[in-house]
Amino acid sequence: MRENKSLNAWRRGEQTIGCWLSLANTYSAEAISKLGFDWVCIDLQHGMIDYTDLAQMLPAISTSDATPLVRVPWNEPYEIMKVLDAGAYGVIVPMVNNRAEAELAVSACRYPPQGNRSFGPIRGALYGGRGYAQEANTQLACIAMIETKEGIDKVEEIVQTPGLDGIYIGPADLALAMGLPVSGDQPQEEHLAMVKHILSVCQANKVAIGIHTSSLEYTQKYLELGFNFVTLGSESGHMMKNAAKELAAARGTQEQQRESTGY
Amino acid sequence: MRENKSLNAWRRGEQTIGCWLSLANTYSAEAISKLGFDWVCIDLQHGMIDYTDLAQMLPAISTSDATPLVRVPWNEPYEIMKVLDAGAYGVIVPMVNNRAEAELAVSACRYPPQGNRSFGPIRGALYGGRGYAQEANTQLACIAMIETKEGIDKVEEIVQTPGLDGIYIGPADLALAMGLPVSGDQPQEEHLAMVKHILSVCQANKVAIGIHTSSLEYTQKYLELGFNFVTLGSESGHMMKNAAKELAAARGTQEQQRESTGY
Amino acid sequence: MRENKSLNAWRRGEQTIGCWLSLANTYSAEAISKLGFDWVCIDLQHGMIDYTDLAQMLPAISTSDATPLVRVPWNEPYEIMKVLDAGAYGVIVPMVNNRAEAELAVSACRYPPQGNRSFGPIRGALYGGRGYAQEANTQLACIAMIETKEGIDKVEEIVQTPGLDGIYIGPADLALAMGLPVSGDQPQEEHLAMVKHILSVCQANKVAIGIHTSSLEYTQKYLELGFNFVTLGSESGHMMKNAAKELAAARGTQEQQRESTGY
Amino acid sequence: MRENKSLNAWRRGEQTIGCWLSLANTYSAEAISKLGFDWVCIDLQHGMIDYTDLAQMLPAISTSDATPLVRVPWNEPYEIMKVLDAGAYGVIVPMVNNRAEAELAVSACRYPPQGNRSFGPIRGALYGGRGYAQEANTQLACIAMIETKEGIDKVEEIVQTPGLDGIYIGPADLALAMGLPVSGDQPQEEHLAMVKHILSVCQANKVAIGIHTSSLEYTQKYLELGFNFVTLGSESGHMMKNAAKELAAARGTQEQQRESTGY
Amino acid sequence: MRENKSLNAWRRGEQTIGCWLSLANTYSAEAISKLGFDWVCIDLQHGMIDYTDLAQMLPAISTSDATPLVRVPWNEPYEIMKVLDAGAYGVIVPMVNNRAEAELAVSACRYPPQGNRSFGPIRGALYGGRGYAQEANTQLACIAMIETKEGIDKVEEIVQTPGLDGIYIGPADLALAMGLPVSGDQPQEEHLAMVKHILSVCQANKVAIGIHTSSLEYTQKYLELGFNFVTLGSESGHMMKNAAKELAAARGTQEQQRESTGY
Amino acid sequence: MRENKSLNAWRRGEQTIGCWLSLANTYSAEAISKLGFDWVCIDLQHGMIDYTDLAQMLPAISTSDATPLVRVPWNEPYEIMKVLDAGAYGVIVPMVNNRAEAELAVSACRYPPQGNRSFGPIRGALYGGRGYAQEANTQLACIAMIETKEGIDKVEEIVQTPGLDGIYIGPADLALAMGLPVSGDQPQEEHLAMVKHILSVCQANKVAIGIHTSSLEYTQKYLELGFNFVTLGSESGHMMKNAAKELAAARGTQEQQRESTGY
């Protein structure tokens, strides 16, 4: 079976950088995945994307070396199973509140006896290749998001769930759970303290730890803190940021020009 | 009928800035069109987009004030008519070589007796509103691309075609037509000279003149030269440029971090 | 944030008329929404529509002033959250049986601390504009359907759920719950009595009350009774009704003609 | 091979009624086609429909007895061949100007030696059944539209084209060709005179004659005149007509109610 | 209402053969369904198919006499209801573990008072025809899969669930539940013993029994054992099997040719 | 730039085997392309596929080593250019009748000065990699079909067109052009003689020669004759052939069983 390069990097304690995919489009998925990111993640929760789109995007990503991850819309076993069957090499599961919910997510990722995943990895096996049935349980990453009040309180029991490969932090939901206002990459001090707390629990338990950002600045900050997988924005975010910046600059030129030419 | 703000700005000799759309996606089309561009142009020629996609993207663009233009795949009358029926407020027609071809394009944009457009503006009238049948001939922009050897030679006869609203320059094809290598925004001096020549013919004939760029630098340069409509890159270009730049910077951080932490 | 005109009208005790959307199609969605309905509702439960289609239809509706509502397929939090992220300004939740279920629906519509909606309003914020994060909890309508035996019995506790904005009655399911046969707009007297009962509970608790119809006659009847939002059929219903009626009339002509001309 | 019931009815001099399909949607196509129309016509010219949609709609229509016709976007041989391969049982070809163009259309509909249609009727044969290769040349209808100035002048030579099965009149384009304003079903007297002229030429040459309408009134009028196939509006037209009429009536009720209740 | 031919055959104790559909494609669905299978089953669990695709595929299947079944992704009531509304004549529900879960599935298939299916059979009624509301509860097949450890243990209580029409065995999941490795059609003896055990419980309770295979050999074996409905592979399996076999044979020819011609 | 392995094999006089793709589906395209075929060809002429589908299928094929070819719907320059921009590494152009038409096809495949292809290889360059602009003219295969009466007569002038890489024979159209009935792989002797004639002209002019088959038998026959590229059926053909064969065998079993068990 094809190796899960990102998961194995995390197991070796290494750091990786990925990109978020929010657009239902194969061309942008293929182009971004070929830029050199270690992994990309198709967002079925907040992205404007559904399974029908994902089934087209995963093959496009498979033309690259980037590991294909998917954020499922919810901790719903069949949604997890269906994206794994389509060839995802890992799932990020939103809003995991406690041990039981973490176990539910892990179980959906593993064939019996480790879990209750139903067998039928139609495109998964096409992408993974020979040995998929035997090795999938150890090569597909199951990642839980800690971003609710209950999840924060129970971070240790979640992190220690057998079979769980990683924790992912959603800064905005974490802020809301802490009673903080949503604000970009969440620059509040208590937010950073909480992020560091979750990081330390993961490191103590040798579980990979990742976090979402929407900027280079925060990606750098979290890499320095030791995160194993950091999201350097989304494809639509990159698009909007550059377009807005250059349009403003061009409008400046245009205004200036208008004055000097008398239009 | 809803006014064609971009076309009327050009008629007043004003300058506008637009964005190219190459992704078959409604969300990116809607988001870009709300950034403040004067117009956006869906590219059916080189973009990864077909009519089926365009029919979804045009309504999304209609949530904004940006004028919806479409580059048709070819100077093919029925392709022009079909995108106008879907609600485009102008077409950019590739590779127009001479007066007869320019007249063919204009004719496809105008109802009789000015042209031979067939009547049935299903979504066009929904977007344009009352008076569409009476005013469409004067509100929909017909723009010819000059970018072939023959087109260069016959620029005057093309520009003087009755009913033609504008000329658009494709720098890469223009370079190939001149025997120059394709190279980004085409920094060659003889290329610039040719661009200025076409510009001057248009200005002399009071026909709007536009050009494609893939950078802020060239957008500014052409605005300074007096172009009426300049394309400030494509949504996928903005996406790739920013993602690549930030990934390189983050990798730098990551490498540095790796050294200092001993990973 | 863009105001929710329909919700605010209901809060002022006003009456509104909407149209149901059952076809997975952007053109019909856009055309219907521009006819002057106060709101339109995309039906993900019984309509032939899924999220992939909805993501195209919502922008098309956004070209109009009609408030975009969505009937979700079930009282499933992540389905609710996903359509709100796509830009719905309200959800109609089927088959709410009791207070706990009503609270589940409300919670999915509200960011913490009022609920547990996850943050990431990608197109919602694009449509809603500045202030979305701060005001969404008060501008997005959460509407529960009362249409089961248990729901009928517990109408008061449902209606009094904090944060619930409205109740919607599905006449056919209500009939089945009452042991009555399904029959068009349900002309049975006991059905009407039950509808009036639910109406009075809503009015007593100052909660907006709506109902589904498939005819002008019943729309008028319910407006006279004081309903705040009444559905005047679906786009596919309007299509079929008019086509069938005119075909029958034309066939009459045709038959007549056939006799007189001897075909 | 499955019989072309509509074509054979026309050959017997009978009258038929059809419905136009402008929405890219399988459900509306299936529902309309089951209402009892003799044929339905998918509009690839002015409808918001492309081949990708048509490939889904034709099977849906095949659940009914309605003959599936397609208006191709233009008199372009490969567009004609491609829709026949997908299972259309006839094509309506827009804007045929003269004998040569009529022959081009007929040729695209017939396998050699009668024409130059390329062989590969993938879904056509699935729908048509055994004998398709042998009988398609006689069962698939080729219909030319007369709606341009030149077409009007050359109506006789067009009608007499060997292999041409019918003529279809587009009233709006015919009006424009005659210098008349576009206006609904074109109530002008000279328009009616021209329609009758084309009708008489077709009848004299025993070629089926059809016409487009957007109302019951005109459908009845043209049936009385002896037309073989009359289009009784489009599915989207039926939808809009009924929705607008009932909304206006309901608003009346609402206004009245508002006055009496003091809202 | 149109009769459910497959279900009624099972009720008479007859045997049927079906084909699995794993490709999101209307043409393959239509072509396979016309080959003479008694039923076809669209796989929303492991197939690369979602509701949006199914809504196109069901009409295509309706051009044939094959009974349209759907394997839903999970025992989730609203997923069941939604595919029935789209015109499925039966559902196969994965991983049913016990009586309560079986009752949940049955309830989702039946209108009150037998169940809690919500009313709105939009395309179901179009396909089923008059009488759908009255007869659907007896004509739509509810089939539970027994393929988990718990399900095996509780086979009797599941089979005896009132209203349950059939049991379907997934050989691979059954193997995993028994601690056996996944291996094609599962040739292990204890696997066969378990299959026979479930078969005998079904026969004793007069409940239809079906099973999945990926080969003619096993289809024949299970027909001989008395199964009521056996799946003779999937459309994609047939495709891959034949292509691989013929490619290998052709490569043989090519190698041989290469040797003899000296390429 | 990524090498065109199939084209270069032909240039070395080698033989290759490919598969035809007629289904608009990414999964079947990906699965077939990974079976070991040298190339696959997406059929935009007779296949149920349009550009929108192709844009999804090409990335899926790019996960394999198979060379992606596309049969365009017609010898229409912009259709050729658009599929090359999407990443096709060669086009098969139907119904080329003479030297002028062959030159038209070649020109559409080559950037100036060799041809008139417009520059903008958006996904082509993503797939081809660095050097695309410089090398595309020599790496993208232009293949003309000879299958019309005129084409047969002018085979030499077509084959000798500068820049033309290959000739492809469509046996059915060739038969029709010769006045022979369409019949599977065309077993007529005069058909074979004509095929050999075209083969010999190609070999004499060192132009690659390919042919379509729908069976292993004819693939083997043509490989033995020395063809450079032979199509071993289509994915839908493989599917239907195996399904029909196994269903017939299973029905045999079923009948037999019925007799012996007394059903």
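Order of writing sets the labels: A, B, C, D, E and F. Residues in every chain begin at 1.
By our rule, contacts are C-beta pairs under 8 Å (C-beta built on N, C-alpha and C of every residue); 3 or more make two chains touch, one makes a residue touch a chain.
Just so it is clear, the structure is predicted and the values come from calculations on it, not from any experiment.
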The chains touching both subunit C and subunit D are B, E
Most remote chain relative to subunit E, going by C-alpha centroids?
B
For the pair subunit B and subunit E, the C-alpha centroid-to-centroid distance in angstrom is 51
For subunit E versus subunit F, what separation do you get between their C-alpha means, in angstrom?
36
Junction residues of subunit A - those touching two or more other chains
22, 24, 27, 31, 48, 50, 52, 55, 122-123, 236
What chain-chain pairs meet the touch criterion?
A-B, A-C, A-E, A-F, B-C, B-D, B-F, C-D, C-E, D-E, D-F, E-F
Note which residues of subunit F are touching subunit D in the complex, please.
22, 24, 45-48, 50, 52-53, 73-74, 76, 94-95, 147-149, 170, 172-173, 176-177, 179, 181-182, 236
Quick one: in the complex, what on subunit C touches subunit A?
50-52, 55, 77-78, 81-82, 85-86, 111-113, 116, 118-123, 133
Subunit B residues touching subunit C in their complex are 26-27, 30-31, 34, 55-56, 59-60, 62-63, 122-123, 126-127
Quick check: in the complex, which residue numbers of subunit C touch subunit D?
13-15, 17, 19, 22-25, 27-28, 31-32, 35-37, 48, 216, 219-220, 223-224, 226, 230, 232-233, 235-236, 238-244, 246-247, 249-251, 253-254, 257-258, 261, 263
